[in-house]
């Protein structure tokens, strides 16, 4: 791994260059470029079917692009597996909570800490006897306010608590960048507001690429917003710039108002 | 952790498995000791499969391969020792009748084969994984049937049970004690393993593969290691089983054997450390008693199995302990 | 080795492939639509053969025997679907493997209890017996030609059923999306029972047709069932086209391997060792084929996902 | 159904005896029968059992107790049953095993523990040669006997270009070797098939193209049924021969017309003309409602051999009982019967032809293939 210090201070932590992906005749990503700089929240919005999921899958490493590159912390990671990208510092949360349901809250967090430490092939010492791991996991749980529920099984958590746990597991990785896929999905108003507050502080630890439908959250949090329509980024700018962009209003908000999805 | 009641059920199981042959020793019922030995050995095979199947979620329909390789490791080594022919002519390596050496060879050989089969099979998943492991089993089965050097379908008889330093293994109870001790040791080992980082990650790989990848852990290596270990344990059981019968044959490789090892795991409770012990004990009891009642006893066995799958998903241990599986 | 022998062996491979297709088609349909692994498919094959033997024996009519085979296996299929397997659709494969393994035990021993341990008699009807002369001077059993014909007809019928008819559309919808089919207002449980009975009837037909040239006895279904699984795994589970291609591949590999591998080894080994080694390798050949296919294409030739 | 009642009575008797006092019996004999009663090969075990129990019943003795268990044709199960019968039931004598591989698993250990073993069927070469044992007796044949007799017969008939067909497993190789040992004509080729194979189209095509003047095949059980049906339908008219295993009473009905006229070698047939055989065939049909098979005759002879020895010695006197067995002083349904030094039979082997009697397919003797045939391994046995 390269030392982050060798990179120029303003260099982006995560960068996508000219990414393209097609499924047969359907072009899901068309020459997409975007970056994530230290300390920022960069929101990615777009109507349904715009190609957000395909883009996330390519950034996370679940899907290989036809063309283009993905860079993380000054390293090209385009051909890397999901796990390798995670080890290189990309922490993602899932749109639909993706946790080990039969394990406890603590065990899920410890799993993250274990992944971050990278030494999984340990066959004898009990994992919950490893103080360094457990402390790291507990710290992450405390950060999201789940420390009192550590002994509960995930299956017993509420939906909102599971979303919090998703974030906590990402935290245990001490990542260079967060990739968050609709963290607000399914949360009530008060839940969203609490998580918004939390994410606001989180950008200090690592920048966040935030894919989100909740426009209130996006405009409250994002330093920059990119708009994806029909597999293309049609605009990038501050919240205010995006709000005022005519193309965005036509393509995106038009659809929101009940129009046809952009092909 | 596992729940207090489950711990108690487990302890009772172990105590029972020890008490029955002790009683048989007192009552001079040597065959009961043989039955108990069989339970211990088959349970061991099941513990092996359970590591892959229960903890790792790898539904292997080919564990007979490892059972058979363990058996043949014993058969081949002892065959050369009893006939005073060298095992490998060129190096004049002799066979052996020593159990510890045989065990080591059985474990290594089956681990090696499991590593190769696992490395290939784990490229697939789901039904394909079930079927490709079955295919490997069939390959070994037909190979041993038509391979003349070690008896082909006739198999090999070993006239005297192999030896263990300081123990007369011909005494049924002594051989039971050896098998029981090995079962205990492996249970302890697997129990540790399930609580260790490896076990946590393996269990997570079964429950949610995407989650595991997202925290930077590649499931393939985990699963391959689990499959290899699982094969090695089942291989050890195979060597013991061959010694119990003083006989090996290709039927150890048959798909029915794979199915039966699976049945032990399911009857007892998938993913529960002691599930295979309970399952093997129940299976042997059924075979022994139902077999005496009717020559069509397979019908009853089938009905019982069906009942367990449909209505008692935690298996025997699940019914007795009454809790969900605790994965820790 | 004469070209006639080669052609004859290719015909034999085709015939065995076509039979395997009848088995595999049912298996793959059932897996594709209901997501169920049915190890007891071989038992349905056995039921078909026993029903045919019993009825043909009592009436003297092979055709009535075939009708009985179709009816009995479809009925048995519908019965076990409605009573047992229906509960297993949402379950993982492990439960399905175990439950259907249990069904094999019950059905096999039940059949033995009903019919006894001795093999039953079922023979080729007179009007299909004996060899015919094909162009090129090949003498080939008429019955085996008939089997090839019936198998290809069934394949055509299945393709037509799936691509042209309403029920086929429903079956395809079931493969694609269980919820959608519910939304279409189709009674899913009736559809599932029908699909299962159809698969069972195909297995029963295969059992009856094969029973006439092989032995009708308990346990006859299991080797065939394993072969059928090899076929659908090679072809890609859920794909009828894959089942057809896989069946022909397996049939040809097995048949040609049996004959030509020993000959091949005979080129550089002494005869007895060559036949022994060649036969040993031939008996493993289809499993090697299957492993090879899966290593290159982990979801089979026409499969989408595991 | 009659078979069941007889079987049940014995089973109950043995269960009662077991409950009373294991091992506390003064005289008589306790027999452990391990045979195949479930699954694919069950018909053979059923016949051996029925033949054996018929002889026990006809003897009128009440001091013979038989414990019967099903080995499911699995060697490991057979070994465990033998352990159980020796350790728990404390039998004096074991019998019943059908298959060579199971016999090889059970017999060495049983005789090592001082138990008699009387084989009603399997006779692998290992147990006839170097592995022979004073306590092991075979009442059927050595595996090679019938094919070797067929070799003699085919050579005498003037065949000189014979194709050999057998499954690729030890018994298959034994059969082919046995045939080749006595056959003086030319061999066209050897075909080994997968054990349990049911489709022989490819092999039949090869036979058709081979130019052979005769085919000798060994395909027991369902394999033989399948082969014969397919061969008859193929229109290939090269004559085929085999040992009796594919032409047994139990499977001939399933083969039907396809077997008519085929000649096979056997040491027994129901039309051998002697009083013992007549009584056996009649009693068997009366008791079970079907014609007896080769296997039933072997089970029947096994029991009668044992009973003849019981009349001379107590089984607890091992040497005396063994000597009594060696005399083979019983009326075999085969006529002449004596033991070679390795405790395998010396007997005549006949050529039979499949015929139809009314609705029933059966065999009739058409000649003698070998007189006073002695197995080939007798010199390798040192005891």
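Note that the chains are named A, B, C and D in the order they appear, and that numbering of residues resets to 1 at the start of each chain.
The criterion applied here is as follows: a residue touches a chain if its C-beta (ideal position, glycine included) is under 8 Å from a C-beta of that chain, and two chains touch if they have at least 3 such contacts.
Please read all numbers here as calculations on a predicted model, not as lab measurements.
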{"item": "Minimum number of chain-to-chain touching steps separating chain A from chain C", "value": "2"}
{"item": "Chain whose Cα centroid lies at the greatest distance from that of chain C", "value": "A"}
{"item": "Centre distance in Å when chain A and chain D are each reduced to the mean of their C-alpha atoms", "value": "74"}
{"item": "Chain A and chain B, separation of their C-alpha mean positions in angstrom", "value": "44"}
{"item": "Centre distance in Å when chain B and chain C are each reduced to the mean of their C-alpha atoms", "value": "32"}
{"item": "Distance between chain centroids, defined by C-alpha means - chain C, chain D (Å)", "value": "35"}
{"item": "Multi-chain contact sites of chain B, meaning residues that touch two or more partners", "value": "142, 145-146, 148, 296, 298"}
{"item": "Per-residue overlap in chain A, given as positions that touch at least 2 other chains", "value": "none"}
{"item": "Residue numbers of chain D (touch at least two other chains)", "value": "37-38, 168, 173, 192, 194-195"}
{"item": "Touch relationships between chains, expressed as pairs", "value": "A-B, B-C, B-D, C-D"}
{"item": "Chain D-touching residues of chain B, taken from the complex the two chains share", "value": "29-32, 34, 38, 142, 145-146, 148, 151-155, 157, 159, 172, 241, 245-247, 249, 251-252, 291, 295-296, 298"}
{"item": "Chain B-touching residues of chain C, taken from the complex the two chains share", "value": "31, 37, 84, 87-88, 93-95, 97-99, 101-106, 108-110, 112-113, 226, 229-230, 233, 237, 276, 279-280, 283-284, 287-288, 290-291, 294-295, 298-300, 303, 306"}
{"item": "Touch list for chain B against partner chain A, complex", "value": "192-193, 195-201, 203-204, 207-208, 210-218, 221-222, 225, 324-325, 327-328"}
{"item": "Chain D contact footprint on chain C (complex, rising order)", "value": "2, 4-5, 8-9, 12-13, 15-16, 108-109, 112, 117-121, 123-124, 129-131, 139, 141, 143-144, 210, 212-220, 223, 255-256, 258-259, 262, 271-272, 275-276, 279-280, 282-283"}
{"item": "Residues of chain D defined as touching chain B within the complex", "value": "37-38, 69-70, 74-76, 79-80, 83-84, 87-88, 100-101, 104-105, 108-109, 112, 124, 126, 168-171, 173, 192, 194-195"}
